[in-house]
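Below: a set of structures, written as structure tokens.
In the two complexes below, chain A is the common chain; its partner is chain B in one and chain C in the other.
Coming up: the complex of A and B.
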């Protein structure tokens, strides 16, 4: 009898904890949306921030975040897939491979602030890129590369062996087999994973403080020449992203409506992350349906 | 019908281009993947090299002793003589991340048990997505919520200003909960079924099975999750910096302003000139962070070896 009572109590406790976690998430999202949504308007999303007056927006920050995300993914995806292909197809089972695996693991557990500092030292100062979108994108590439590598490796490993062997048996080169047989099969999970990685980029701030900078110069949204210094497309201009902006107004914001701006910007950030999450799943399914015969 | 006679030698002779194309294609592909991996290796070595070269300068040429930095209590970089005691930062970092793990570990284990043993279906459809979403929320948002909910709550409930180690640990515990839970869940799922069935067949209740069979068997993997969580908490910068108060001394209570390695770096790095002693001392702190990462990876490796055995 006693054992059964204990069992019941333990079960109840575990169920309560699980319920608590779900409630916690609901409360967190509810709080952010209730406090933030009231402040979000078209004007808030498009206008420039104000340093001392109320009524500033997050327009440039939002644009910077998206642009930085695109830049980062353009650099990360090919490099990550390349290294992932090496790890799963070309690496021999020896000490060197074990060492590279260790390196990837270490790189993925570096704190993002350390990557940001490395970016400051090498990319910003030594390469002379300055506080710029490009420096930020390179730092985030370092930050995201291990995840991309692991992801590609796992997806390629889950491709059925027969498909690879069939490709090789037809006389295709190894590279051709990988590119035209294995990658299409692995693509859905690579796409899903990359979008989740992109979500991480979108919310990252610590690695960007000292690489993309904490200021945003006045942007001229009618000037689309990437070489002009006020053009939004210029990758060499400093750019404060949305996440950095939230941090900055919370720690040193002088505008009277700073808490509201922080709430609104946080809500925007969380909504974007939710969209990335849902989008990743949906796109993964679509790609899977497109590339395979299944319905 | 005049079919061309299958003559492979002639084929090869007439199609040297095709053969060469295959080889070239393979070579190009190989060159690309080797380039990617080489870049990865170079990156990590240069991270270690550059941070170490900056971080070691105060000890080698600027007359700061390692002992003073690790055990000194006063951080007065602009004082005369300047003092670089990093113990308050180390204390703050360890206290917040270990406290966060103490809060998050039981919650994570319960969630994992719930998802694998008690209600697998509901767990998969509700709890797992919830955990994944928690993992996706950016750290500045956690910092913002901490600043606007957790800190006022502690300020009203406990003596003190609300900011401090407890507030930092609370925010961090939610941030590392997904790490702990995901790894614990994977560990519990991969246990052999016979173990559980054997226990049930002997008449054990579910809790007895969980407590006496499942937890001890999965312990190394569970610990791996906790260590990874601590590692993440240790390196987290902005969320902690926003709620901890940033006073460079060892606090007397959990609700008193304190600081961590990451927050002092975030705060001061932008305000110091490159190459100055103050600046280099900050790089030393970054080097400590780096070394701690190596230590965490090492512990995880040791634990994983235990799992495999």
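Coming up: the complex of A and C.
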């Protein structure tokens, strides 16, 4: 009887905690959407912001966020997966790899503002990349790489040992076994990891303030030459992202409708993260099915 | 494809300081089934896994002695382990099909080894699956995942997969211990069929199975090869007392 009561109480507590978290999330999301959705229009999503007048949009910022995400992932994903493969399959278990693992752990919990300042000193100034998309992408790579490495390593380690042995027993090389036998099995976790990393890129502001910068030059969306200074694709131009823009107009916005713009931009940011999540998951599933012939 | 004999000379396997297999010398004649029996931890699986140098993967594992396949000592440092493993098929206790379609499970190995012709691959898939008596059960769903099959079918798929790269020798580590009796019977029939073409080494905990499928039986205890003889003699009139005790179920 006593054990049953304890069980019931424990269940009740756990359900309450879970309910509280869901409620909190729902409230937060609801608040953001209710406040912001009304302000979202095609014009808002495509037009440039206004410094002093009402009616500014978030077009360039939205584009910057997406472009920065793509740039960051282009750098982070191959590096992270490569290092993860090395750590799980090639590195010997010794003091050096234990040390590398420790560093990766520490790096993954680094405050992002510190990464931003590091980016300012090293990438922006010393390397001379200036406030640019590339600087931002590199800073975010520092920010995201540890997580990518760890997730890849963990997901490869969780592939059953017999899968690897089966590959090797057929006379496959180690590399072929990893790429064709183990990676497909580990793919769902790697995709999830990449999504988490990407979500952090969308939401990050502190690491970008001093690297990608807080301004966006006049963009000419008909100019797709990446070398031209007004081209949206130029990786060497400064690029204020959506998250940075929200922070900026909230703290120093002079336009009369700044609060509405911030609310609208926040809602857009949340929706973008959501869409990206769903899209990436869908893509991951399609690839996984193709590789594993599963349903 | 031809079966090949296998010989070990004073083969020892160490895990760090611990010696798991102690100077074992054995002959595996071609086209015969040799069963390795003994209580858990006696070194029989370790011994089996060193025959295709799969134990190299375990950090701290070390081999001493010689393993001869035909006229090649595979413990020699100059041995190309990767291509060696192609000649030695392996089957595990738990069925471990690749997370791929049934067709891909079989075709993957031969394709890697250079067979690109679709027709040729189709043929290999069919012959391998026929050899394991799986063809009729799966021929209409070759594009489905290998994991969608039942446990027994998965195990036969794994055997077919290893046959597809044309090995000379098959190593089986308790291939039926995770299966139901009907599937076990099928695997045993299969072993009897396969020994016409392959040299087979099988680890088993099931005495009846050893008696049914093998021509010779080796009894391992605490890393030592205690006795190795014709299966018939081992089960009716063993020369060592501990063999008798183990086989009649007095310990282990």
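Here is the rule we go by: the second predicted complex is superposed on the first by the 261 of 295 C-alpha atoms of A that agree within 3 Å, B and C clash if a C-alpha of one lies under 4 Å from a C-alpha of the other, contacts with A are read in each partner's own complex, and residues count from 1 in each chain.
Note that a residue touches a chain if its C-beta (ideal position, glycine included) is under 8 Å from a C-beta of that chain, and two chains touch if they have at least 3 such contacts.
Keep in mind that what you see is a predicted model, and the values were worked out from it rather than measured.
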item	value
Touched partner set for A:140, first chain B, second chain C, both or neither	neither
Dominant contact partner of chain A by residue count, chain C or chain B	B
Which superposed partner A:92 touches (first chain B, second chain C, both, neither)	second
Partner chain in contact with A:173 - chain B first, chain C second, else both or neither	both
Contacts of A:196 with chain B and chain C, given as first, second, both or neither	first
Partner chain(s) touched by A:184 [first = chain B, second = chain C, both, neither]	second
Which superposed partner A:247 touches (first chain B, second chain C, both, neither)	first
Touching both chain C and chain B, counted on chain A across the two superposed complexes	172-174, 176
Complex contacts: residues of chain A adjacent to chain C	92-93, 160, 162-174, 176, 180-181, 184-185, 291-295
Of all residues in chain A, those that touch chain B in their complex	3-4, 6-7, 10-11, 13-15, 17-18, 20-22, 24-25, 28-29, 31-32, 35, 78-80, 82-83, 85-87, 89-90, 100, 102-107, 109-115, 117-118, 120-122, 125, 142, 145, 149, 172-176, 178-179, 196, 199-200, 202-206, 209-210, 214, 243-244, 246-247, 250-251, 259, 262-263, 266, 269-270, 273-274, 276-277
Residues of chain B defined as touching chain A within the complex	22-23, 25-26, 28-30, 32-37, 39-41, 43-44, 46-47, 50-51, 54, 106-107, 110-111, 113-115, 118-119, 123, 126-127, 130-134, 136-141, 143-145, 147-149, 174, 177, 204-208, 210-211, 228, 231-232, 234-238, 241-242, 262, 265-266, 269-270, 274, 283, 286, 289-290, 293-294, 296-297, 301
Footprint of chain A on chain C - complex, ascending	52, 54, 57, 59, 82-90, 92, 94, 96, 98-102, 104, 108-109, 112-113, 143-148, 158, 161-162, 165
